[in-house]
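Below are two complexes that have chain A in common, paired first with chain B and then with chain C.
Take a look at the complex of A and B:
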């Protein structure tokens, strides 16, 4: 189990080691940035907060940026969102395999909701152009 | 053998990426106006791009992270976004200038107005990005770009007084009739033309795409230490040609056909043919690099899949950004905006924006948790820190100088 995901008890500096890092999925695909981090506060008042998930997507990025630019991004996110109550994509911390210069996930990242835009652009625009499927070099 | 070929390919790429419309315009214009008295600015710029690209290439090889990925990581989402806005805008301006530059070069051959060529050039650039292999691009445009060596041959054929040229270059002084602000404004233009940020976005992204690792660090150095100085050498050739032909008679360089004049005076039609091939190759190569860089910066900030080595449908948003950027460049280009003016603004603003992307790379190049033993050594750090100071001074001076000199008028 421990080589499947990060062992519990590892201390991380959330802003330095998690925030704004590239997310890479099990196939090596780039699937987003860590736009925000979700914590669970400990019951024990002396304990450390526990990271429960990494959040990715325009909505999370907008909150993180704040100000007018954040508000503009949030508005764009609401326009593009399929549902009004859309939440940012949540990557459970259990899915994280390694924290290095990128954060490696043990799952398929294309299914993440933050890649809905990628799938839409692919299906509606790029796939319509001849040659979109030509072999990788 | 394959390695040697890899190095030559890399050298060609670096050179093709260095000489672009910005260098062509800036070096000829300053040569005509200031003789060789601004040659130091080219040297300062070449050493600067060598330091910057070597660090960015090394960081990309070791960490697999390209420049804008690290810009966001190190500066945070907010400052990173401001940085993205500035860098994207400047890369976009450069793309407009390069696309128009290809069209102007084609106009020198076929007497059809360049405005009509712009949409075709835009389409050709997109087709090449969409369909042609990276290695083919590098070889074709790198080899064709070598035709620019003709500018150096032309300078030799003009039989200049070498001691006088050297004296002008090594004892820089502001020519009479020119103010200090104008002189330094053009120094910034030359510096920005040599250190255009897209060169580093492209180079570091290329290193990630080519899956460079620690074992490719020699390849990185060979590319940087040979390619960029060769580009700088050709830049000085352009400057010297203009200094010999235009400076004594007080004629300014305002269009691309004038840039070719020293070469055609020295070498006739054959020389002109070579230089036009060189123009087309260099500007087309740079148009490819800037169009890709528009996609790289945006995709790397948001963490989207990017790159030319995956199927286009696997990097859909990246290809959409490239496509839209090229479309915008064509639309702006055909409004008959003066391509030479766009070029001048793009290189000067490039110089002003450099610290934004240079600083995060300098920080990561010193980060042992990322780089292990491949961090900057003391010598490299001294030079790199010196350049951080130079870039900051240039960035602070650019806008006041631009206003004071009415953009070098």
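Take a look at the complex of A and C:
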């Protein structure tokens, strides 16, 4: 059986075209990479599973920094995930605008759950540094 | 259900034949319209067998077309099993009924 028999509509190979792809928000900011795909199983036994979300493990900052600092941030991200019922970061499929060499999102990355590691660093570390509130002045 | 729950799982027919492991899944954008006015992605088939070099590079799936020599060498299409052929599934094994495939094609 070839994928040509699977019906009309764009065909997407989940592993080849989704996993490890960069998530890019509407401003062009890199907000993580796709680690898994979430499906909703149909009630109808003859129905097909529907993609409901893309799941990402680490926040964008860990990807950007790399090295020991990135690894430390990744560890913090994992701790946060454990506190939040162990759910990974989730991007609703409705937020996806296009699937190409990167996954383009139609939302601001700062609002996404994938960015919680970056938010944690900002709220818990950066904001505690004297003068941090006046960084733009 | 997560994609990772399918990948690497052994696929076995109702006759007991082992077909290999799941290495990819084909999604088709033909689901119900979402809030953004786009059709949703639905899981139509799983790709089984060994994940060849051609699959890893995209030649087997046809998403990469050139150079033509590599396409000829690596473009052997993976074996696809429609989702509706699956009759039972758990973390270790996916049971498929091949007669359901012939009924549909």
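Everything below uses one rule, namely that the second predicted complex is superposed on the first by the 76 of 137 C-alpha atoms of A that agree within 3 Å, B and C clash if a C-alpha of one lies under 4 Å from a C-alpha of the other, contacts with A are read in each partner's own complex, and residues count from 1 in each chain.
We take it that a contact is a pair of C-beta atoms (placed from the backbone, for glycine too) under 8 Å apart; a residue touches a chain by one contact, two chains touch by 3 or more.
Worth saying up front: this structure is predicted, and the values here are computed from it rather than measured.
Chemist: What is the contact status of A:37 with respect to chain B (first) and chain C (second): first, second, both, or neither?
Modeler: A:37 sits against chain C, while chain B stays out of touch.
Chemist: Figure out whether A:131 sits in contact with chain B (first) or chain C (second), or with both, or with neither.
Modeler: So A:131 only meets chain B here.
Chemist: Is A:122 touching anything from chain B or chain C once the two structures are fitted on A? First, second, both or neither.
Modeler: A:122 contacts chain B only, not chain C.
Chemist: Give one of first, second, both or neither to describe whether A:90 is in contact with chain B, with chain C, with both, or with none.
Modeler: Once the two structures are laid over each other on A, A:90 reaches no partner at all.
Chemist: If we overlay the two complexes on their shared chain A, which of chain B and chain C does A:23 touch? Say first, second, both or neither.
Modeler: first
Chemist: Determine, under the contact definition given at the top, whether A:49 touches first (chain B), second (chain C), both, or neither.
Modeler: So A:49 only meets chain C here.
Chemist: Would you please give the residues of chain A that touch chain B in one complex and also touch chain C in the other complex?
Modeler: Common interface on chain A, chain B vs chain C: 19.
Chemist: Spell out the part of chain A that touches chain C in their complex, as residue ranges.
Modeler: 1-3, 5-19, 36-41, 46, 48-51, 55, 93-94, 97, 106
Chemist: Spell out the part of chain C that touches chain A in their complex, as residue ranges.
Modeler: Interface residues on chain C, with respect to chain A: 1-4, 7, 23-32, 34-36, 39-45, 47, 55-56, 58, 61-63, 77, 79-84, 101, 105.
Chemist: Within their complex, state which residues of chain A touch chain B.
Modeler: Within the complex, chain A contacts chain B at residues 19-23, 29-33, 35, 56, 61, 64-67, 69, 101-102, 117-119, 121-122, 125-127, 129, 131-137.
Chemist: Within the complex, which stretch of chain B touches chain A?
Modeler: Going by the criterion above, the answer is residues 63-65, 69, 72-73, 76-78, 80-81, 130-131, 133-135, 299, 301-306, 308-314, 316-317, 319-320, 370.
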